[in-house]
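The following pair of complexes shares a single chain, chain A, combined with chain B in the former and chain C in the latter.
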Partner chain A sequence: MNVNARVLSNRLAQQCSLKRIVTFSTKPTQQAAAVAVPQQKDAANSAPVRKPIVPAHYRFVYPEFLPDPKVEWRNTVREKLERLDMLDRRRQIELPEFYVGSILAVTSSDPHAAGKISRFVGICIHRERCGLRARFILRNVIDHQGIEVVYELYDPTIQKVEVLRLEKRVDDSLFYLRDALPEFSTFDEQMEPETLEEGTPVPINDIKVVLRPRPWLERWERQNLLGVANIDQYIKDKHRKSAEKVQKPWEKYDMMKHYRATIPEEEQKEIFAEVHTELHTLELQRKRNKRKRSFVKPKQLA
Partner chain B sequence: MSQILLRNIKRVGNAGALLTHSSVASPLTVAAAVGISHQQLHTTPACCEIRKLARLRVVDNSDLGKRAMAEGRPPRCIHVYNKRGVGLIGDKVLVAIKGQMKKGILVGLKQKQRLKQPQFDSNNLVLIDDNGSPLGTRIHVPIPTVLRTILKEKTLAKGADYTKVLAIASRYV
Partner chain C sequence: MLRTVICDLARLRLSGSASPAAVLITQVREKGHLSRPRLRNPYWFIRQQRTRTDDLVTGENRTFIKEVVHDTYGVPALIKGTQTYEQKQLIKTTEAPTDAEPWTPAVRRCGLIARKIGQYPLWLKNGERVRTTLLQVVDNHVIKYIPPEEYRPTQRPNVHHLNKYGCVLVGAECTNPALLTKEYCGLFRDSGVMPKKNLARFIVSPQAALAAGTPLNVGHFRVGEFVDVRGKTVDHGFQGVVKRHGFKGMPASHGVTKTHRRAGNIGGGGEKGRVWPGTKMPGHMGNRWRIIKGLRIWRINTKYNVMWVQGSAVPGSTNGLVYIYDTILPLRKPKDAPPFPTLYDNADANEPDDIWYDQVHSFKEESISYKPE
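Let's turn to the complex of A and B:
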């Protein structure tokens, strides 16, 4: 459906891209500088103008800063305002880097709970939506009962988000854990946060999950999952055939579709140039504070 | 609903052999019986709503509930005590369990829940009697914290006291 809508609105997209609002900016000087750079290069070919250098990994660390590429939903002003609100929230609370497959602990205020606080530990099985509406799903098995909780990342009632284990999985979303054996989504609530050394890339956990026998919640055999070990064990020839029928191997060559489904690189740079300095200073601040907290004053002996 | 119907067909599937022998059976029923006898037919995604004839899982340690679950004959909802006809968390339902009618409270749902409220992998039920006191003495799975508020609101001064269910919970999520 989405794709169809996007195809239909292609012409609209072109019109929009011509009329895009770029004048609304809180940092006019910076943008002017960024615009000025190519002109100067053309003119003199040697003018060391300092541009904000946005690290390439920012689009993975802060995916919610990129808007939804669906054209009907784009609104540059709203996106900009949302980004400002997101930065405001990030000044109040540390929202760490995490991915699908990372294990998180979310502490949120809960008017119904005894201590007015509830903490839930679980594996992040899905991340979706962007801007202030960015949200993720945590899953855990407690007392042999599978439980899932949806959190919004910028929810003001969230008090703390801890990453207990930072890692990625080989698939984009792990909904198949619902059909997997419970030990694959069981995590200890008293887990200590595991620290990664600075500068190391995020490890990819290529664990193969073992599924229960059918019936399943979804037709996993059609989804080309890499993190599942035993799909073949449970499906029959007719499932294999129908799975082959719905495959679209040509889609990886469809550049237009890919273009419509993503935010182009130039636009990404524009967006991150806006928020990069603020995010960077916040990161540095957090690091400094962490070091301060970890420093223990030596005890005076005798 | 279609799932339930198919399950019923499957149960009849053993009698399919009888059907084939009898001349009354239409080719369609025979085909259905043969096809279903060795595989589980599944056409629509399961409806996670608690409405009439939905199967539930008893999560307390009442004798009746334990026996029903152990036998593989989980209780069926035969009435939901609200105006929607679809059970939400904390709603009272009437269930048919081992040939008896019992009341119960829904303490965990498969359906999509609100933000920050847990969604369970099974539809959980705690059996109660008419006064609202539970038949068991312990709930062996976590229950959502919202139930505290919901059940307190549902308990009226002279009616049934549902907060006794909260007292036997082992843990909250």
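Let's turn to the complex of A and C:
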């Protein structure tokens, strides 16, 4: 898949907007997206600005390269060593671009599995942490039983990460699938990877999942979820009132909070300038290899 | 005071006697108890920072001072990931001494001053994940060696047969000497090393003595060996029992009032009707020196002087100073000789930057797979 030519559309930016500030989240806030739109127009009118060398979408494709923004935990040497290790691992294995809501198949070595290898297909419901600690959660329903597996992205026991369907959802994390009807988190294990044409933006799946009746694992009504259809069906007035009480609508204007929760753009540029060439060559190499691969006739299923 | 009172009394008694010429008699009985030598600090505990005054120094003079510093110590340089100065013209012993005695298991080696720079996981070849802490050895140089005959500390460290051991003073992290006091800079004059921000003393056997000016690097330790790490724990301030000792507290509701995070009972009655010593109670938490012992070194990076040690419980905050020693745990002491007295940097370009312990999976290797039975 080509990630270079992809442009982040305005619609995408608005849809991904946060309701609360999430640490490590690289998605622009609603307010930032609103500000970004006129800026783009200004830029078009004014003199042509030199394009940055590092593509702007890298912070979405490789979010784990950005360190934890907590100042007390930062150290340049540590971050550098960590990035070198990440690149070393990426030379060994293709860790493709994926987002919360994408469907992945992870093949990993497992000493307890029958053939010492296990493959798990599921939807990515959560991505967190940074550096070598980056991890994600895959969820699927197998034999009427919801299964979730936490994978560490840089774990060397992972043999292969395939993206079966590259798409995004409208929320930052999909933990509400645990309380949704099972068909919303059921995916075929024999699913064929769907190819996306080069240069197209990552599609956003704005499907609204249907929740089971209460009791729920979390108070979803307080989280301003966009991907849930029937929250109102199950909550009472008292829930509605308490949900209103805990809302923090001013937080989107809290620039300091946002600043502390993210890595500033200048630093992002520095970090990606360091790893960009390596990542780019890896991308090109993978693309070339993919083209070289001969066509295998798909097996007929059942 | 007591002594003066006794003296006065003695004088009174004497003056009351027949002889008019006062004879001063000091009682010897309590003399030793009263005139015991005070616990003095080591001589290198001197005020470090000069008082910052708004000197009426012109810009030209300021650049002149900078030039002098650069002329004597070299220009600022980033060496092994640490900001320091090129101390090329300084006399440094880079070769190992020819008459060095061999290592024995009973010998005590010098330690290192490091900074805890963060933590991240490594994986073993069997797929196991280990959490590691990264310690960066920051620009260490030996400042002085005090032989056993001369080393008589007033505050005796808890070391058996201290009279057999000498002391090595090690400094870490060069700094601009213009900011330091004259006395503090004087500590470094004989060694030829630039004034350092941090000093530490290590109790060593005389065989492990190091000449002043010797640079100490992470190669002092080897992968697979065990180390003890000493640091000052994070200061939490005055804390209650829930945070300080992990008590459960009381229920939040069900008729409980005014006691949710309190300790509850602190003692019995009757014969034991008192608070026993050592009872866990609220108090100051953290900001204490602690040694975590027996951490394995999983990996070493010689380019940035970094070592990866087992665990994430190294005392202190990220970017805080820690001191690394050979472990004192008897079963984890090295069996064969480590670099002794230290590894002298012979600038071998063939050596790889990264040295991995053989159980650790290097990220440059292929993914781990298990053999089917």
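We adopt the following convention: the second predicted complex is superposed on the first by the 241 of 302 C-alpha atoms of A that agree within 3 Å, B and C clash if a C-alpha of one lies under 4 Å from a C-alpha of the other, contacts with A are read in each partner's own complex, and residues count from 1 in each chain.
One rule holds in what follows: contacts are C-beta pairs under 8 Å (C-beta built on N, C-alpha and C of every residue); 3 or more make two chains touch, one makes a residue touch a chain.
Predicted model only: the values in this text are computed from it and were never measured.
Engineer: After lining up the shared chain so the two structures overlap, which partner does A:268 touch, if you call chain B first and chain C second: first, second, both or neither?
Structural biologist: Once the two structures are laid over each other on A, A:268 reaches no partner at all.
Engineer: Scan A:85 for contacts with chain B and chain C and give back first, second, both or neither.
Structural biologist: Only chain C is touched by A:85; chain B is not.
Engineer: Looking at the overlay, what does A:178 touch: chain B (first), chain C (second), both, or neither?
Structural biologist: After superposition on chain A, A:178 lies in contact with chain B alone.
Engineer: Does the superposition put A:230 against chain B (first), chain C (second), both, or neither?
Structural biologist: Touch status of A:230: no partner.
Engineer: Between chain B (first) and chain C (second), which does A:186 come into contact with in this model arrangement: first, second, both, or neither?
Structural biologist: neither
Engineer: Using the touch definition from the top, say if A:157 reaches chain B (first), chain C (second), both or neither.
Structural biologist: Both: A:157 reaches chain B and chain C.
Engineer: Considering only the touch criterion stated at the top, classify A:149 as touching first (chain B), second (chain C), both, or neither.
Structural biologist: A:149: touches chain B, not chain C.
Engineer: Just to be sure I follow: which residues of chain A are touched by chain B in one complex and then by chain C in the other one?
Structural biologist: In the superposed arrangement, which is not itself an observed complex, chain A uses residues 110-111, 152, 155, 157 for both chain B and chain C.
Engineer: Mind pulling up the chain B residues that touch chain A in the complex?
Structural biologist: Residue positions touching the partner: 39-40, 42, 45-46, 59, 108, 113, 115-122, 124, 140-142, 145-149, 170-173.
Engineer: Per the contact definition, I'd like the list of chain A residues that touch chain C in the complex.
Structural biologist: The contact residues of chain A facing chain C are 72-75, 77-82, 85-86, 88-89, 91-93, 109-111, 115-117, 131-133, 152, 154-159.
Engineer: Chain A touches which residues of chain C in the complex?
Structural biologist: Residue positions touching the partner: 81, 117-118, 120-121, 123, 127, 129, 134, 136, 301, 304, 306, 317-319, 361-372.
Engineer: Give the list of chain A residues in touch with chain B in this complex.
Structural biologist: Where chain A meets chain B, its residues are 108, 110-114, 118, 120, 135, 142-152, 155, 157, 178, 214-215, 217, 236.
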